[in-house]
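Here chain A shows up in two complexes: once beside chain B, once beside chain C.
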Partner chain A sequence: MTLKPAEWQLALPLGLAFASLFLAPFLLLFGVSFFNDDQITQPGFGQWIKFFGDPFHYKVIADTLLLGVKTVAATVIVGYPLALVFIDLGPRLQRVLIFIIVMPLLLSVVVRTFAWIVVLGREGVINTLLLHLGVISEPLRLLQTELGLVISMTQIEMPLMLLPLISVMSRIEPNLRDASAALGASRWRTLFTVIVPLSMPGLIAGCLLVFASSTTAFISQSIIGGVRLIYLPLLIWQQSLVVFNWPFAAVTSLALLVSVLSVIAALSYLGRRAGGAIHG
Partner chain B sequence: MFNRRSLLTGATALGGASLLPMMAWAKGGLAAGIYPGPWEDAYRAIVQPALKKAYDIDLEFASLFAVDEIAKLKASRGAPPFDALVLDPGPRITAIEGGLLEKFDPKKLTNASKLPPSFLDQWGVCVSAQVVGIAYNPKKVPAPKGWGDLLKDPWVSRLGLSGFQTTFGTVALIELAKVFGGSETNVEPAMVELKKVLPKVAAVGQPAAMPGLFQQGQCDVMFTNTQVVAILKGKGVDIEFVKPETGAIAFYNTFHISKGSEQVENAYKYFDTIISKDVQTALMQPPFSFVPANKEVVLAPDLPLKSLEEFSGFVVHDWAKINPLRAAWIEKFNKDMAK
Partner chain C sequence: MGRRQSFADISYGFVIGAIALLAVVIIVTPVIIVVILSFTDHQSLKFPPTGFSLQWYQQLFDESQSRQIHRAAGNTLEVAALSTLFGVVLGTLAALGLARSRSVAARVADSFFLSPLVLPGIAFGLAALMYFTLIGIRPSLGLVIAGHMIVTVPFVVRTTTASLSQLDPALNDSSQSLGASWFYTLRRVTLPLIFPGIAAGAFLAFMASVDNVPVSLFLSTARTDMLPIRMWGMMEATLDVRIAAISGILITAAFLLMLLMEWTVGLTRRMRD
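Entry: the complex of A and B
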């Protein structure tokens, strides 16, 4: 055998895995959605009409996307300053910080989620503290509210924002900041005209990951948010595993996929434009 | 130091050792679907060693809720991932109608005569029953008398609610509906009343999350089964069980053989072990507190009934009527409860 493997041959294992583990099930899912009954015997558009004919489902789609946007916004607000601090730290402190950042990823999502019940609960850490300090007289309702859900998702998703952000920001040439200062720019001006644009690829990547992960985080959404906050993953779970209406579950899954992908496509378009603006 | 040869020898030995469990499996194995939580804990602690001792069968568990078991059987289409499974009455009907179960022959169980005759049929064997009522925290609220109290003060503002996804949730909401003029097939009155008090309700959660929410003080009243109450009590949680004045609800847990299983004989041995007097007695002890099915078992004093005959006094439901309505009820619950 003297054949030199071409590049496409190197990509073949991943390509085959992708085709068999993603593409084939996806086509199956797409096919199943075009059946009217849960026994998957009568072809038709019934489930699509049922899903898109009910305004409730539009609200659920909007709520799901909005949850993603809020979580992304919160992780950016908390994560970006942390990343700025990180690049100025010495190597030893950077290692400590990286460990702290990655730690949530090392815990099971179920453990993380239940830990938040203990923190946010009526008799949880936050309420007990505030009651003892006399800030409040009645326990606050934090669990099973969107606020509580966004707070916990911000912590849970934070590594997905910070890791790409830090990796891009660490590569920004430190001399650029000095140059900016030497040319008379204030710290804020340097931040917004030099650091932020250069960190944009990392920021966009972080936003994509957090958005995709938070909109589909079924366990956190349903345990911390409760069942009064209804998002698409809960509907999919109910339809596929409780009611066994797989065609309707397929339509709901496709609605989630398409709506999340559209936002992600828009974000990456913005990312490319931002990248082009800096380098072009 | 390692050289290549010693490394290869070691790797081969390790690889070979990993095959050992499979060889043991070939002698006599059985894979069984079991509910997570107390069921899995109890069956691993009691049934697994008992089956190994009596028949030298290695039992493997797949930890799944009833609906997940059905989903796996449906998806596997005749090549079941487990040979035997436990079900609630609703999913049991779904499984029978979907052709997911092998026919069952009660005569193959040596312990069959020790069960009430109604506990055996052509589809499976009943091994336990769950009794559903109201649980409350006696340090926080007075004891409620019936389902209707749940929607009144002081209970409503401490109420933890779950929907129609589970058997216990569905039957409790049906009983709540009956208080307000509803029936087994009409839960609308319960939904109307719930909507009126919804802003006051302490928590509306996933069924699996309810014990945790109760433990954390997020809610102090909920509908649940006696087993959950026994387990939480065992953990030191302040919790008591109340039989509602209209009667506590009972439903049965049945064991079945998956369609296409190649371990049918072992499955019968598994069931025989579960319903044997010793195993049933062991399963009845705290913290597991299973309601036994074997008539020879002397009932423990802390069980919700004094004899198996008392089951006739419990409220039971016809799941053949409930199943077709459940999808619409879940949808309605989503819409009415959504913020």
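Entry: the complex of A and C
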């Protein structure tokens, strides 16, 4: 019995690892942003002024957040009906479907991005198909457009939307739907007045994960979006590993961090309120 | 219910069913297309291929032509294995320490350990690069392992905590009241019961490390090249069809591993919880 440690002490090793390898680097990043020169010798607010004095950077922030919003919207519109179908399936089909949903998540993002280059390219699947059907006479330009990027991100991020959504929806009491139908509500009405409100915590959790992941998806953004569509991660990469202006890259990282985290904080506040409204 | 199907109900079935089908098509088709394309005999990514061959796989496995890819794949596996190993030990201990506590400090610590899941990975990658450079540690595979451990350990913490919350505390109490030591109880009662949760978390952490871009982008160098970064380089420069062959292998590996994890520890059930 002498060996029994206090339980919380078991979390100490990971706590120390996080303090030294996670918290400390972020504090340092914050510190580095307050230097004027890329040699990190003159303290000052120069880089902050440079970043926020240029309207171009506001556009990059807005574009990054908008990309997240569009991806979230697309995954909700396409993913929500799939989750609805999922909860009505039998256990065997459910196992097959969940396998199909999870599989892309375990596939490298680089592979998924590559797949979309093949689908969207000039000689890709969509162009071949549309040319063949005579819908278009010239190949469409889909790569290096925001539309192409959002389509790709919809597939790449879909599992992150579906997993929390399905887990919450599966717990909705089936009797509630039957009761709603018995009282004369159409299935549309049941969907919007019963199922959607009850699935809100899962929906918000899914939105949160998709938003966080799509705004920082450097590979997909740079490969499918190309160099003309500039988002914060690309700017961070350019400034730190191409231009080697670390203080400026630090300011850009903080802009990404704060803007993404504030959206996430707002979403999880909504999620807690939605959860409270149902349980309370 | 003998209610007649109204127009609204029929339109519901049609619209929801059609979009759900579209969703499945969007999820599955790109993966299948890449597998087919990896067998093309053409020099480009033209789809459908005009003929089939194994040339891209042959080039990929050829030691002299693809040495850099082999080295990157070796580094990737080594980093994934070691970062998962450290992550499992530290993450399981942390979950054991925090899961049964209701204190505010424990909940804050728990969110802290899960936060790499929602923080922009690229910001952490840059922060880690600056930190290691400014405190004077030279880039090495060890640094990549440390960075990957931080961003993948949340998977272990999450699944292990979920398993612990389903564990009946009476089992623990009865073991200890029968005279078993704390460590004996952990080894013979708790760990065997939460093992599937730990295994599922370890698998997810391993896959996330193999897949990781933002940390590797900043912490790996030419000598410690990682597979996703090399593939990214191959995509940015000339479109090298060997990427399709690498993708084919990664898709097959992920598929087989997932089947294995599904049969042994019920992976998808744990991801839904």
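Before moving on, here are some points about what is shown:
Rule of thumb we're sticking to: the second predicted complex is superposed on the first by the 266 of 280 C-alpha atoms of A that agree within 3 Å, B and C clash if a C-alpha of one lies under 4 Å from a C-alpha of the other, contacts with A are read in each partner's own complex, and residues count from 1 in each chain.
Throughout what follows, contacts are C-beta pairs under 8 Å (C-beta built on N, C-alpha and C of every residue); 3 or more make two chains touch, one makes a residue touch a chain.
Keep in mind the model is a prediction, meaning the values are calculated, not measured.
Considered on the superposed chain A, chain B and chain C are sterically incompatible, since they clash. Contacts of A:L163 after superposition: chain C is touched, whereas chain B is not reached.
After overlaying the two complexes on the shared chain, residue contacts for A:F244 are found with chain B alone; chain C is out of touch. Of the two partner chains, neither chain B nor chain C is touched by A:L183. Applying the stated contact rule after C-alpha superposition, one finds that A:R228 touches chain B and leaves chain C untouched.
After overlaying the two complexes on the shared chain, residue contacts for A:Q9 are found with chain C alone; chain B is out of touch.
Between chain B and chain C, C touches the greater number of residues of chain A. When the two complexes are overlaid on their common chain A, residue A:F99 makes contact with chain C while staying clear of chain B. Of the two partner chains placed around the shared chain by superposition, neither chain B nor chain C is touched by A:V135. Only one of the stretches 130-138, 166-174 or 184-192 in chain C has C-alpha atoms clashing with chain B after the fit on chain A, and that stretch is 130-138.
With the contact threshold set out at the top, residues 114, 117-118, 121, 123-124, 222-223, 240-241 of chain A are in contact with chain B in one structure and with chain C in the other.
For chain B in complex with chain A, the residues that touch the partner chain are 67-68, 70-71, 74, 94, 162-163, 165, 202-206, 209, 212-213, 216-218, 326-327, 330, 333-335, 337-339. Residues of chain A touching chain C in their complex: 1, 3-5, 7-15, 17-18, 21-22, 24-26, 28-29, 32, 40, 77-79, 81-82, 84-85, 95, 97-104, 106-119, 121, 123-125, 128, 154-155, 158, 163, 166-167, 170, 178, 181-182, 186-189, 191, 208-209, 212, 215-216, 218-219, 222-223, 233, 236-237, 240-241, 246, 249-250, 253-254, 256-257, 260-261, 264.
On chain A, the positions that touch chain B within their shared complex are 56, 59, 114, 117-118, 121-124, 143-144, 146, 222-223, 226-230, 235, 238, 240-245. Residues of chain C touching chain A in their complex: 1, 3, 6, 8-9, 11-13, 15-17, 19-20, 22-24, 26-31, 33-34, 37, 44-48, 89-91, 93-94, 96-98, 100-101, 105-106, 109, 112-113, 116-124, 126-131, 134, 146-147, 149-150, 153, 157, 181-183, 204, 207, 210-211, 213-214, 217-218, 227-228, 231-232, 235-236, 239, 243-244, 246-247, 250-251, 254-255, 257-258, 262, 267-268, 271-273.
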